[in-house]
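In the two complexes that follow, chain A is the common piece, with chain B as its partner first and chain C second.
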Partner chain A sequence: MTKCTDRVVLDLWHPLQAIAEMPAGRVHETVLLEERLGFARDEAGNAAVWRARPDLRADDAVDIAAVNDRLPAKVAYGYVWSSLGNPPADIFPIPEFAEPDRRRLNAATMGVNVSAPRAIENFLDMGHFPYVHTDILGAEPHTEVKEYDVEVSADRDEILATRCRFFQPMASTVSTGGADVEYVYRVPHPFCSVLYKSSPADEKRMDVIAIFIQPVDQEHIRAHMMLCVLDFDNEDKIIKRFQQTIFGQDKPILENQFPKRLPLDPRAETPIRADKSAIAYRRWLSQKGLTYGVIPAAA
Partner chain B sequence: MITLYDYELSGNCYKLRLLMSMLGVKYKAVPVDFYPGREHKSEWFLAINPLGQLPVIEDDGLILRDAQAILVYLAARYDPSKKWYPVDDPKMLGEIGQWLAFADGITSTSSAARLHDGLFYDFDVDAARAGAHRLFRILDEHLWFGEQEGREWICSAPHPTVADIACFPYIMLSEEGGIPRQDYSAIRRWCDRVKRIDGFVVMSGVFPASPARAA
Partner chain C sequence: MPEPDRSRWHPIAASHDLPFRHVYHAQLLGREFAVWRADDGYVNVWENRCLHRGVRLSIGMNDGRELKCQYHGWRYANRTAGCTYIPAHPADAPARTITNRTFPAVERYGLVWSAEEPVGEVPALAGVTEGRQLVLRGIPVNAAAEDVAERLRSYRFQPNGALDGKDAEVALEAASDTSVALRSREAGADTLAVFFVQPVDAGRSVIRGVLDDDAEGPQRIAVMRHHNRLLSKLRDEAEREAAGKPAPASIEPVYERVSAELAEMPEVTPHGRKAALRVEVARKFAAADGIAGFELRPIKGLLPTFQPGAHIDVHMPNGEIRQYSITNGPGESASYVIGVKLEPDSKGGSKCMHETVREGDVLAISEPRNNFPLRRDALKTLFIAGGIGITPLLAMAQALQNQRLAFELHYFAQNESQMAFRDRLAALGSSLRPHLGLDPAATGAELRRLLHGYEAGRQVYLCGPGPMLEAARSIAAELGWPDSSVHFEYFKNTNTIDDSSSFEVALARSVMTLQVPAGRTILEVIRENGIEMPSSCEQGACGTCLCTVIEGEPDHQDVYLNDAERRAGTKILTCVSRSKSPRLVLDL
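Now for the complex of A and B:
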């Protein structure tokens, strides 16, 4: 496979690793857009990222201040981010992340044999809840995806799906029974999505669950699952387990998608009404001229 | 009550949840943050299992590790029908022992490939996949010839045994390690039979069988 030449994707910030899972002062390695990268953080929480080089191997001790020829690096939402191009000054905002009473965790980073846009599209889909996440995020006969709204916010350049409602038997670790749950989806980045859902712990606020996709190549990803939730009782590992159980159910569905890249031609796959957000997402990617991990529409 | 030290995405933990569900045995699960927390290498867990591996059970003062060993224990102790582990049938115990060892081979190949792809373990994934295909071919032939003789399960009993439960999870999860099963039709039919055993439960990545067709 050729390395990425997609300007849109090269200029994005991409997540690499959860800070909490990186011992300070040690070299870590990963692959982003088919390029092997080295990265590290210091005790103060600053990060450095560079193209992998033989003098800095995984697990080597490193003083990041002494590393030259670096790539852009940022720490946001508990992860190290980098870019192979010229990224914008800021990563999209998630204001809730700053609220002090929230639990902020990386539920897991998992490798999935699928393209980044397919993973985002699955994250936006409510129709599969009763069949794939049976008795957790959905249950028969409550299979209807009720009418919801989708808009592309021009000033923020992001997709927003609102008024999404779904009956969920066990919406979170705090749930005590089934409830109609309200969802808001944001897609503020081609390969990242942020979900807000009613919190069983506080009816005035919403849990935030984000999926940050690191494209390893066009058909392989690392999915980073960020949780920023209201849960005053459960241990971290219980909260992580809940999300991993759900993601583990999605995994075989994602890996059996064919073709693995997301077709952007509106005639390539037949959508139904419930796919409104997916249609907006595909159109948005098309309008950006994004080509990596997709099958572009014929000109 | 039995305590199971458990990780949801572990096929070896799943095989114990599966057998206990089929036997109707109640248990308490203690979640272990295997990934990303590596809690199975923590001090408190190493005190329970110095090998630092899941699963482990505690029952009535007994601490037992190793999925296959635990299957043997659970069936011998909690299955009054003595079908899952026929303690009075030496030939059957020999067969079961043979296939429990085979299940360990499935773990070290198919499960290793899945850990490589999904959780970034530094394994030789090509060797793991090749090893899994070799074992799947052997099991597929064994099951295919069994079907010709009217045998539906791995061992030569007219009912499933712990050998079926031991082999099932990492076969079902093989695609997560890049090991497709389309060439193994007898394995696929056997998987559907396992899914139709009373008390069958799923785990993340394993879906239930479609409703059985009328015969």
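Now for the complex of A and C:
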């Protein structure tokens, strides 16, 4: 018996773990939608996922070909994904991931005591840069969120926010002063978002930073941060430390948000124009009929 | 679990839990509070949730006047909890109805008392004299309040004067399901202890004890330790007992919904020339030569939140209505302070305020309205005031000073004795730059000097006599200041209004077409037809009756819009401006 009854969420692909952080042929365990899961990968990069069982405990050696009663499993964007329902054939596309000259890595996997949609909303939000990511992604008094565009693409079923610009005090390692940095946000999955940000290394291309949220339960998540960037100089640990700093600043804010589940009633909180993408996101979740991790609007 | 009684006062904090500029996280019957003391001493008890995205305000910053949310820097005013600034939209004045939920707060016996819907007064403690009590450290207990109160009935302690004794007689003087009063006596020493058990949640509480007699120095520490040790023991026992029972479900707080108009990005609330508020003239004083200062206090309740730049309409005893800017700094929310200059050719406005209105009089005023909003995202802000034009700029300068943002306040006046609100000016330190006794030519030269060297990220705010504003605006334009960085407010519209045209006005949202004949204003005609429309000065200066033009060519006759806005033709002041085209379509 599954603990999540939300059909929309059950049928999604959910991220479990970065492949790079999983030794092959060993059992790993995690929790997805309140269900304990076991999973493993082989040397060839195939993955298997199953409901946790006593004969396959964490760190046991395992031959995944021999595991039966499996859940759907997929390897994409450097992570193992699974589902407790009937997931679609494909995970949403991130075409840039295939570009050969990009650095691809899992910047961090962090547990946060908040619902998945609250974390996605925070990822879409620029207004907090000067206050939460002070002197990194923003700095007072440059607090304005300039007008940007949001659309829900019907054929792709995703939210797209474009023409987003925000003042960043050290826009790149080569610039000395601050400048507006351009962002594009995609929400192609209720609990995943992809950010494109002007690249300091190549002005014609954009860095890709994605957040894949694993809902542990309605009010707890593991957030996986995937980077796919044009950075040929810095060591992995420098790049990771930067993203971990950013995420470490968001975590205490998210854990002090109440209610923890995202309220979909338009009158639960006070939106402003800067929250256009969040307003679109809340409507989109409502229209999908999603109920897990949210407080649905009264009918 | 029975519905908890939300009408009873409970202590939710001790006064000593609110040190300078701290925000204390309290909880009562499942609901969290952010409790903070402003520098003026006022204790605020607010819902512990920013209205924007639900972040706890107890992790926010108390700057002594306002509480700032950590997430997006929204600022909420002392007392009213009204939002005064939204940094993401620095050019907009937040709708003043964005107001966080507040709860009553009473400070008594060294404790802060509150309740969701209190009935009656905070209980009086027989035998405890206000100011002479000793407040014990709050002891949090993981057990239900009733169980803790029950256990406190048999609490045994020594009187302050005989702490080393062992044989005190303790008598129960009074008790309820959440409080216990005990008197301990030994060898002539006698101490009354009153304990309140604050129901934090269904299975959690805090013991708040008050002794009738304070002690000093080491004796005080000894008394505190004595009770700390005994109450900790009582807590351990209560928690052992509670652990054996099934844990009660937490009380789920119900958050109020925000109003429907706030669910959309708010526009300024419609408002006619209504004077919804009654205030008393608490103080009338000479703010400068020829300028009277008035401190206006509410007759009852709190005054609405104001933002720097806001004005109020004052309805005078002689029937005149005039606009005056609020000069207060941020968080000074107990009263509004305005300055009124006696105009030599007064038609009854300033003359009435100077000669007729006295301390103790009651005046009708409108809610504050802000058509002169202050951006706070400038690298440097210039304020240029002429004469009584200081009033809105003084409020703005105090707001930037409080946030430590860079500004200069240039104050043009005839002489020092005509500079108003000198105590407030003095607090601005070297940011205040007086320019005294300059003739128009010298003023122009000084303005040119001040406005020289425009750089991106600068904003200038102008308020003063018409000719000075005209000069400053044209100098600014000449020196490369974009219209969007030059903000101004005229006292009055000295243009001669030509109301000879007649035209048709179509109201797009109301689906109505109206005729505006010569001699009537758009505002009058639409109001006559039942459309609610806010207004204030009704002479094209304050900007309250601003409206969006969808189609047609406005005939601007106001002094509110800047040149770029006039050219764009998308906004109109309906109290004086008209139409050049035969038809004007408005977004109403």
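FYI, the second predicted complex is superposed on the first by the 289 of 299 C-alpha atoms of A that agree within 3 Å, B and C clash if a C-alpha of one lies under 4 Å from a C-alpha of the other, contacts with A are read in each partner's own complex, and residues count from 1 in each chain.
Quick note on the criterion: a residue touches a chain if its C-beta (ideal position, glycine included) is under 8 Å from a C-beta of that chain, and two chains touch if they have at least 3 such contacts.
Note that the structure is a prediction, hence the values are computed from the model and not measured.
When both complexes are superposed on chain A, chain B and chain C end up sitting side by side without clashing. Judged by the touch definition given at the top, the superposed model places A:18 against chain B, while chain C stays out of reach.
Once the two complexes are overlaid on the shared chain, A:141 sits against chain C while remaining clear of chain B.
In the superposition on chain A, A:252 contacts both chain B and chain C. Looking at the shared chain after the overlay, A:272 reaches chain C, while chain B stays out of its contact range. Shared-chain residue A:155: touches no atom of chain B or chain C.
Think of it this way: put the two complexes on top of each other by chain A, and the tightest Cα contact between chain B and chain C is 5 Å. Residues 252, 256 of chain A lie in contact with chain B in one complex and with chain C in the other. Here chain A touches chain C in the complex through residues 121, 127-128, 130-132, 140-145, 252-253, 256-259, 263, 265-274, going by the rule given at the top. On the chain B side of its complex with chain A, the touching residues are 8-9, 31-33, 35-37, 39, 117-120, 175-176, 178, 203-205, 207. Against chain B, the residues of chain A that register as touching in their complex are 18, 21, 106, 108-113, 222, 236-238, 240-241, 244-249, 251-252, 255-256. Across the interface of their complex, chain A is touched by residues 32, 48-49, 51-56, 59, 70-73, 86-91, 98, 255, 257-260, 262-265, 376-379, 405 of chain C.
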